[in-house]
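The same chain A turns up in both complexes below, where it pairs with chain B and then with chain C.
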Partner chain A sequence: MDQVLVTAVGVLFAISTLVLLALGLAVIFGMMGVVNLAQGEFLMLGAYTVLVSTSHGLPVWAGMALAPFVVGAIGVLFERSIIRFLYGRPLDTMLATWGLSLALVGAVTLVMGPATEGIATPLGSIEIGRYSLSVYRLVVIAITGGTVLAAYLVLGHTRAGLVARATMQAPGLVAASGVDPRHVFMATFGVGAALAGLAGAVMAPLTGVVPSMGLAFIAKIFITVMVGGSTVLLGTAASSGVLGLAESAVSYVSTPIYGQVAMLTLALVLLRLLPDGISGLWRERR
Partner chain B sequence: MLTRRQALRRFGAASLGLALADLPPGRGQAAEEIVVGTLLDSTGPINIYGLPMVDATRFAIDDINASGGVLGRKLRVVQFDTQSNNQLYTQYATQLILESKVAVLMGGITSASREAVRPVVDKYGALYFYNEQYEGGVCDKNVFCTGVTPAQQIGNLVPWSVQEYGPKFYTLAADYNYGHISADWVKLYLQKSKGELLAQEFIPLDVVDFGSVIQRIESARPSVVFSLLVGGNHIAFYRQFAAAGLNKKIPVVSPTFGLGNEQIVLKPEEAEGIVVIYPYFQELDNEANRKWVAAWHQRFGAGYPYITDSASTVWNGWHLWAMAADKAGSLEPAKVIAALESGLTFDAPEGRIALDPQSHHVVHTVHMARVNDKKGFTIFKTVENVEPSDTKQVCDLIAKPGQHTQYTPKF
Partner chain C sequence: MSRLELGAWALGVLVLVVLPQALSLFQLVQYTVFMIYALLALSLDFIWGIAGILSFGQAALFGIGGYVYGIVAINFGLTPLALLAGALAPAAAAGIIGYVAFYGRVGSMYFAVVTLTVTLILYQVMGSTADPRYAVGAAELGGYNGMTNIPSLSLAGPAGQPVGPAEGFYLAGGLLLLVLASCVALARSSYGRVLQGIRENERRMELLGYDVRWRKLLAFAISAAIAGLAGGLFASWGNFINPEVFSLPQAAIVVIWVLVGGRGSLWGAVLGTVLVQYLASLLGQAGATYTTVLLGVMLIAIVLLFRRGLAPALTEALAHAVRRRPGMAARG
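Showing the complex of A and B:
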């Protein structure tokens, strides 16, 4: 019984991390159609925010709260300077964000050094029967749940969310009603970056903090967002659920290698059957 | 519209630029100096091992030059950052051998990188030193492996662990040639010590989530976890293991932990108590090491994180080559190899080491230590002059010199 519980927590944790990591890209790519190859580096910047703040004596939670704002601001900066000239030009955006990714890794390496840094995992462990579980994993699940809920409420039930959704579908109409679409794009990109910053900050105590850490995540999150399709929340959640379940379930039964194989195979199959991602199912029904 | 004049001007400028970029350095200088090459990872997940090794390279070259160089000539080192990318190892090795015409090539960190370099070295008959702990078995006339090997590490760590903690082992190994071959060595030594292998798992180098692994370890209830994990991403295992409170319940022993200063990246409460075994520790209390550590701190700063066994191995490698080249009176690979096979000994910071002529490996005295609460190690046991028997028993490059292979344990 305790094994089932611990496994369930593990699977839920794997799904949660995938949701959290992919949410930022879902906003930027899913909503705006911007292929942001620097998304992994936004994650990395969030992790470094926590590292820098803890090395200045702040508690790790303060660093995590700070990370979305810092990375969001950086995101807005890059949107203003690079991305906004390239809307509607996906190949150029890919090239530009790839260059941005390399530049960010290089810049952080120069400033912070190439060595791997560590942040201790906060909170201890709890006993579940014969098994020990890290409390932080439960916290990550909770943070993810909270973030998804917040995103749902903002997107669906606030004016800002309405304006954002409208701008993505009909910018001309939104402009006619007095809101500058360019400001909306800027803000949305900033939010996508902020979400990435939060995800990176949350992952930092679990993995190491190193300039190249974005690489470990970028492939996974792109796959998740593509399989999810253009619906930001439900698409990403569904895709993370399915892929995360596949990876962790197979991982638990055998080894992490086969878990990754299972996840990628499933992504392949899903994309073949649903070229628009899982969101394609819902779009058609409407 | 591009006119002919414009085109000529542009192509002319481009060609000039390319030509200038390709000019060799001042010819006069190059004739005096000996060019040597090194390939190490300063960036990417393997840089946790690479950074101290890069520093050790500079330190060793400067030391050799300060004592008059080799054959009366100063050394000039050409170094490439291979960025934890094995493709670059092959590419830069070729470049160093053919373009820079290095007298000796040193480098490679993971066994995968070494095996990416070895064919290049064999193809062009260059001399290559691999200065890093590894899984043993390389039997190649052109190659000298100065690092610590399974007979020296695993061969002592396994019997001690069975005695100290119990016979049930759970092996976690990095999923590439080093991990697989070393895991085989663990099986072999475990058989000899009458231990029992509960399970062995191979983890790809880019995995950072060890939740499932930790759960399986808990189910299996081993007496000890034998870790052959490698690289920056695998540090997450120790962190997650400690976060689940298991570091207090199940002991971890490892022949790789510490080579990448994992005990500094982790917090003391996460790493304390892990048992390791190496020929070199910064804490070694002998005359030579005290002086060496002091000189290192003077050169690189007193706040230097920790001088690793890999750094000490790199130092040994450069000095052994310099000794042999001086002894041979020549830089020709064949002559230097003959000198290296003449039974050299060297007073290293770790103590006196001997280069075994037949196997091209080094006889090391090894020490067992525990990670302490000061981001360092506390030595508790020493085994003197352990032969690299894993390679020596199958490899005799004097009797059979034409070998360019790697032997692996068979069951």
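Showing the complex of A and C:
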């Protein structure tokens, strides 16, 4: 019984982290169609926000609360300076954000050094029978749940969410109704970056903080969002469920590396079986 | 073939023959690797410039070629066979990826992301093989330290003398010219024209009755074989290969070579590679981190400012300044 509970929490945690990490990309790639290869670096910047704030004496939670705003602002900055010139040119966007990714990794390495820095995991652990369970993992699951709920409510039930969705469908119509679509693109990109900042900050105590940490996530989150397909939030949650389950199951019986391989293989198979839910989406939108 | 083009080919052969006489041993070894890289750039320009399919996985296919060369060469000693295996294995891998992507009618964006994903996964998988039990026969994969003691290519069988620096240069250069000529010929064949049609308008080519999926798959496999050939030569050149070939900066620089050279011209990829690598070797002393930042900024700058590549932009500017005949400017 104890083991079942601990395993269930483990699987739920694996799925939650995948959802949390992929959520920002779901907005930027899934909704806006911007192939942002620098998304991993947005996660990394979120993690560094926590590192810098704790080293200045702030509590970990304050750093985590700060990260979305810092990274959101950085995201808006890059949207203004690079991304906005490239809407409708997906391949060029890809190349430019790739350049951005390399430049950010290099720049952060120059400023902060190449070493992996640790942040102590807050909250300790609780005992369940013979097993111990990190409370922080439960908090990550809760934060993910809260963020997904908030995203759902904002997108589906507020005017801002309505305007954002309308802009992705028909920017001309939105412009005719008196809202500048360029501002909406900017804000949406900022929100996607902010979500990445939050995810990076939340993951920081678990993974350690290093300039190249985005690499570990970028492949995962892209295949998650790609497999997710049409409905951005629900799709990302569903594919996180399937892929996260496969990854943690295979990792459990072998090594985390084979878990990743299993996840990729499953994603390729899913892409082959469900091409319409994925590439058809793109053609519809552009 | 125009006279100008014939002249260009003759110039290429001449440079290849004369250059080793003018270079120091260090430069000779350095230029050999430039040509191996140029072969890799060519593989991307073929699939991207001619067929319009952007693959981020060329460096990974190069890496597979290198590892397979190492495994076969260490275990059997037959280095020419190893080179062949190093070209065929990536072609097979490309066949699998291409089957999933093209027959699943995955969009071009998704194809690029899929190839990138495969690259990153390979990086992590090969990096986790540090334990000596990860070995294929006598060849230990070696984790992030890579596979060492890979035999150099030797054309006279297992016991024969391995190729020296000058022979290595001629071999790499000769293969580069041969592959370049084959790619140009292929691009002008009816198959190549269909590929260019796919690049311009895939739907239309399909409606004209061409099986686009199969042709894209074949093109990707051909480009993978070229990349794998380069990878095999690279493993032979340096006697080692490590997972850095699957890293993001490595994957990015292949794209930069082609972008600088201007995609679609094939020879531009060769020039772009030599130019970028020469500049990088000058900057090399400044440290790898600065190089990464510079690479990134270059990529952004090229995309924002020179959409068609650096070399075509320069050629155009030059042509404009000199007011040459338009026909010549187009041929370069």
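Just so it is clear, the second predicted complex is superposed on the first by the 271 of 286 C-alpha atoms of A that agree within 3 Å, B and C clash if a C-alpha of one lies under 4 Å from a C-alpha of the other, contacts with A are read in each partner's own complex, and residues count from 1 in each chain.
Here is the rule we go by: a contact is a pair of C-beta atoms (placed from the backbone, for glycine too) under 8 Å apart; a residue touches a chain by one contact, two chains touch by 3 or more.
Just so it is clear, the model here is predicted, and its values are computed rather than measured.
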Message = Using the superposition on chain A, tell me whether chain B and chain C clash or fit.
response = clash
Message = Touch test for A:233: chain B only (first), chain C only (second), both, or neither?
response = neither
Query = After superposition on the shared chain, which partner residues are touched by A:251: those of chain B (first), chain C (second), both, or neither?
reply = first
Ask   = Where does A:132 make contact in the superposed view: on chain B (first), on chain C (second), on both, or on neither?
value = first
Inquiry  = So in the superposed three-chain picture, is A:124 touching just chain B, just chain C, both, or none of them (first/second/both/neither)?
reply    = first
Task = Identify the partner contact of A:109: answer first if only chain B is touched, second if only chain C is, both if each is, neither if none is.
result = both
Query = Does the superposition put A:223 against chain B (first), chain C (second), both, or neither?
reply = second
Message = Tell me the contact category for A:260 with respect to chain B and chain C: first, second, both or neither.
response = both
Ask   = Does chain B (first) or chain C (second) touch A:271, or do both, or does neither?
value = second
Message = Shared contact residues on chain A, chain B side and chain C side combined as an intersection?
response = 109, 114, 215-216, 255, 257, 260
Inquiry  = Which residues of chain A touch chain B once you look at their complex with the stated criterion?
reply    = 3, 6-7, 10, 13-14, 17, 109, 114-118, 120-121, 124-125, 127, 130-134, 136-137, 205-208, 210-212, 215-216, 248, 251-252, 255-257, 259-260
Inquiry  = List the residues on chain A that touch chain C in their complex, please.
reply    = 35, 37, 82, 85-86, 90-92, 94-96, 98-107, 109-110, 114, 215-216, 218-219, 222-223, 226, 255, 257, 260-261, 264, 267-269, 271-273, 275, 278-279, 282-283
Key: chain C - residues contacting chain A, complex   = 54, 97, 100-101, 103-110, 112-114, 116-118, 120-121, 123-125, 128, 248-249, 252, 255, 259, 289-304, 307
Chain B to chain A touching residues, read off their complex = 42-45, 47-48, 51, 175, 201-204, 206-213, 215-216, 218-219, 232-233, 235-236, 239-240, 242-246, 249, 260-261, 265-267, 269-270, 305
